[in-house]
Amino acid sequence: MSDLQLPHINYAALAPMLILFGAACAGILIEAFVPRERRYPVQLGLSLAGVVAAGVAVITQAGTRTITAGGAIAVDGPTVFLQGAILALGLVALLFVGERSLEAGGPFVAQAALIAGSEPDRRQVVRPGATEVYPLMLFAIGGMELFVAANDLLTMFVALEVFSLPLYLMCALARRRRLLSQEAALKYFLLGSYSSGFFLFGIALIYGFAGRVDFAGIHAAALGSDRSNALLYGGLALLSIGLLFKAAAAPFHVWTPDVYQGAPTPVTGFMAACTKVAAFGALLRVLYVAFDRVSWDYRPVLGVVAILTMLVGAVFAVTQTDLKRLLAYSSIANAGYLLVGVLAMSKDGLSSSMFYLVAYGFTVLAAFGTLTLVRDADGEANHLSRWAGLGRRSPVFAAAFTFLLLAFAGIPLTSGFTSKFAVFAAALDDGQTWLVVAGVITSMVLAFPYLRVVVMMWLSEPAESTPTVSIPGVLTSTGLAIGVAATLVLGLVPAPLLDLSTKAAEFVR
Amino acid sequence: MSAGQVALVATLAVPAVGASVVAALPSRADRAARLVGTVAAAVTLVVSAALYRPGDGGWFSFGPNPPAIRPWHDLDVSWASGLDLRFHLGVDGISYPLVVLTALLTLLCCGYTLWHVPDPGRGRLLTALLLAIEVGILGTFLALDLVLFFVFFEVVLLPMYAVIAVWGGPDRRHAARKFVLYTLLGSVLLLVGVFTVVSAAGTGDIVALTAANPLSRGTQLAAFTLLALGLAVKAPLWPLHTWLPDAHTEAPTVGSVILAGVLLKMGTYGLIRVAVGVAPEGARWAAPVVGSLAVAAIIVGSLVCLAQRELKRLIAYSSVGHMGFVMLGIATLTATGLQAALIGNVAHGIITGLLFFLAGAVKDRAHTGLLDDLGGLRERAPGLAGVLGFAAIASLGLPGLAGFWGEAFAVVGSLRRGGPLWSTLAAIAALGGALTAAYFLRLLRRVSHGPASPVVAAMPAGLARPELASWGPLVLLALAVGLVPALVLGMAHDPVQALTEVVNR
Amino acid sequence: MSTVLAAAAGEMATGEKVVFWILGPIALIGALGMVLARNAVHSALWLVLTMLSLGVFYVMQAGPFIGMVQIIVYTGAIMMLFLFVLMLVGRDASDSLIETLRGQRVAAVALGLGFAGLVCTGVYRALRDTPPAGLEQANENGNVQGIASLLFTKYVFAFEVTSALLITAAVGAMLLAHVERRKEDKRDQAARMRERFAPGNYPGPKAGPGVYATSDSVATPAMLPDGTSADRSISRILPTRELTSSEKTPKGTER
């Protein structure tokens, strides 16, 4: 038996993930050893510190182009950019998750195991929420970091599970409307495991085709293999199903509205921003690195998926009366726009998609953040009719939310316009006119639900039952300020970030 | 940065800063906020007027192949290099009159708001929105980059929507929604057109595009169709005009003034600068269609006006007819026609702005705009009736007043173009001019003459000083442009010549 | 072992074929049974059947390690734990069988069969003429060693990261299932005694169910001296259990 050649591991390149997983494990230990009343500040501080430290570690990796840990991890421009994006968005999401001034004990339930509506459950309404969410957040962020860096399908699958499982759990932990939250978690879990199954099946077929699961190997095998191409296409199709499920693209989107609605709102924001970055990061790597040689074959299919996604998102958003569901459908439509950028299959497509992910992430985080502020006695008041006349009651808040909605609608001078412009321009340059036409038309359709909200807020008379806008605490205010400022700045001066994404837009193979 | 570039930036920055300051002031300082807004508008007018550079040409008008657009001042900085977006501003003889007109009308509107805020109050927000609209319109006129043009074009939409939807008349919701629907539709087409041009040519720079004409014939046809359709909604060209009467009727006085005075010009200006400049071959190809539609607009607008029973609605429909003349001028693609379009633009802005001010004054006093209920204004309020008569006569195109030149030269341009089609169009347009006279005289007969109706008898007689202050400049300008058309035509001569050379190259 | 390896490397041996055609249907039946069984315990047992068959397949395919792991860990440990939990918590088969979306089940079955057919024919056609390759290299130093070297070289990071998955799962189980008793809810011996002898409570042992010549069911209540039946002698959970109504109704003794 020959000796094992242990792989060289570039710890600096892996540092962001190691820091996050380490911080998460420390968080678990804190749960075990620190007294309950002191856990919240300690956990919050630790997670913020962990994310910031990981961010620093990512920044030090700028310019690195390497494949390490036995070929499992690729650290290159897109990895560093997307990891940085996930950390920045995750940090803002953590601010919303950590907010406790809006409602006694924060947005999470104290003991999820208690039966909803039972006597002990009613007693726990005022108890501080579970602090396990912080390590779970860190695990999820760490998993996403790994997801965008994975250089073979097996590692990617493990990363997929690592970041999905905490999300399933966090969905079930809403303080209010617990049955809805549990239903959301169960739906997400069942459909998520199903899509993981597809992903795994796809890996098996790809392995049958290429005999390897690393991207360079698949890329090489796609050039010429004695295996039937049916394995390649079948495997790619199943892999894509797994990835598109996470990205919430039609027809794999059906979980999105229910889960977004049921999950605690900060978690919804986290999913809408960070999961999207991770899913599209992985999709970009799979399509650009491993399967670029068969792009002519899958582009029409994914193009149809993109158009379907945009249509479904835009058309169904029009009929929604719940703001969380509206934003969920808008997030579906945005997945479609992102797919347009992905399908450009060029350096521009890559960089514009990455830019879009960041721009959209900040806007959607701030939007869900504002949803947490509008409350009545039963918690958040998300029904559209309840928002009538909110502009009269609290103009500053309504103005900020209007601005975010305009960004979603892609009105110029917001990040929504620059990012949409970037992906559409990239797709046009590559001759994907049909996608762009569909994109422009659906984005105009999509403008109406947003404008309806705006009209509702400003032009309707406030009713007796119009909920109040809570004064946000420091954490939420900071998060909102960051989100709104990013939306504005990326709309006015997108050049620095665009340059950065263009510079980063090169995969290592 | 030269003084001219500073002025260019300041033209946009002053109202933008003004708008944010006004919006940020607390609501108890409402009057002070409106005052600040008016000062900002005044400064904008001064700065924009300072953009004028007489003479023109400069050294680069000579040479074998001079560029078709020779801006007096030019500011070209990178905005987002990753997307190849440029912040390219410039002003020349085609855009300068419109820029000054915009600044002037906004100042007058802000001043008017200082005196009178329509229901439901909150005048500081109205002032802020007016300034925001001004930024958009000025930007549209100054932009020399296609994408930037589109961006500013879009900026106008939402503030205008808010102005109509908040301060408008009883049916404002419906009107505002219609306005947004139509304009968004136009924006989509415009955006697709911009995308087509930018992706085909690889640049969005209007100067370069007009000079080099890099597009193939097929692309030009597609691009012109898309751009022209998008801009025609805004202009508006018959049959895409149906949003206009509702919006004008329901909008508050200042909103109508801005809408009719300068907002519509974004469409026609865009057609000249962008659609014709970038896709001249497409323009030649589509000219007969545009011309026919323009003439149809003249006739339809006039006929509808003859049957109108509401003052503001009548003036609104008259805009359709007037813009028809402007479109006809553009469609001829001759130097005369384009000149006519330019001066028609300016004249329509001045006169219709004045007309809407007057209609607002009448409605504020009589609380009705129905022609049947008005009458005898001359006896009760001779001052008001006099100005109304002046404006109506200017609008129907009496020689010596501003309205004459645009209409007359559009017809002349069409005749000069020759051929059976254009001659017929010219003849029909002239007939439309006569119809214009007819409905304006009908208007005057109904409103000014005859015995005073009860509502008119009950209204206050005198004119307020702020009203005089806001109408006076427009009256003077209508006279000045009418008597000395060279004020506008002179500075536009060279750019129009250059443009026609490009078109007929 | 070496014969199996040699057989797997080349053509499929007859023995393997026989085993496949015997165990394949059994595995399939187990899977179907798991889905279709109304009773959770039965479901679990069906699943055990499928997993055992799969374990044998793995061994047959020259993967003894994974086969054994499948049998020992999955079937032996995890499924048995599962059964324990089911038994302890109590089996409750009150699944709602009402379709909220009409025709959903038929559509699901049809689509499922269609998908299975698509994948099966696709894979079959793709692999019909393909010889198996690479098994010798993979098992060169022995099967276990081969897996070990992969785990600690190529996939070392993924392997380590699975620990994050396990921690998350453990935390999740705690979060969703563990109820902390509040301090004031905890009762010490003295409190319990006080409660037991408090007025209104019956401190003695309760009567057991009746045993009679006609019935010895636990659902038969004991008879009090005055001839009435004692309801307290029946376990409280009996009526809530999923029993037929004849089983559930307290049985009197015929006189």
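Letters A, B and C mark the chains in the order given here, with residues in each chain numbered from 1 onward.
In the analysis below, a residue touches a chain if its C-beta (ideal position, glycine included) is under 8 Å from a C-beta of that chain, and two chains touch if they have at least 3 such contacts.
Everything numeric here is computed off the predicted structure, so don't read it as measured data.
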* Asked: Counting only C-alpha atoms to place each centre, which chain is farthest from subunit B?
  -> C
* Chain nearest the global centroid, as defined over all protein CA atoms shown -> A
* So, what's the distance in Å between the C-alpha centres of subunit B and subunit A? -> 45
* For subunit A and subunit C, what's the span in angstrom between their mean Cα positions? -> 34
* Hey, how far is the Cα centre of subunit B from the one of subunit C, in Å? -> 75
* Structure fact -> Within the complex, subunit A is touched by subunit B residues 78-85, 147, 150-152, 154-155, 157-158, 162, 165-166, 173, 180, 184-185, 187-188, 191-192, 195, 198-199
* Could you please specify the touching residues of subunit C with respect to subunit A in the complex? => 119, 122-123, 125-127, 130, 133-134, 141-142, 145, 148-149, 152-158, 161-162, 164-165, 167-169, 171-172, 174-180
* Asked: Where on subunit A does subunit B make contact in their complex?
  -> 351-352, 355, 406, 411-413, 417-418, 421-422, 424-425, 428-429, 436-437, 440-441, 444, 447, 451, 455, 458-459, 493-495, 498-499, 501-502
* To do: Show which residues of subunit A lie in contact with subunit C when the two form their complex.
  => 1-2, 4-7, 9, 14, 17, 21, 24-25, 28, 31, 69-73, 111-114, 120, 130, 132, 135-136, 139, 142-143, 146, 152, 154-155, 158-159, 161-162, 165-166, 168-169, 172-173, 201, 205, 208, 211, 226-228, 230-231, 234
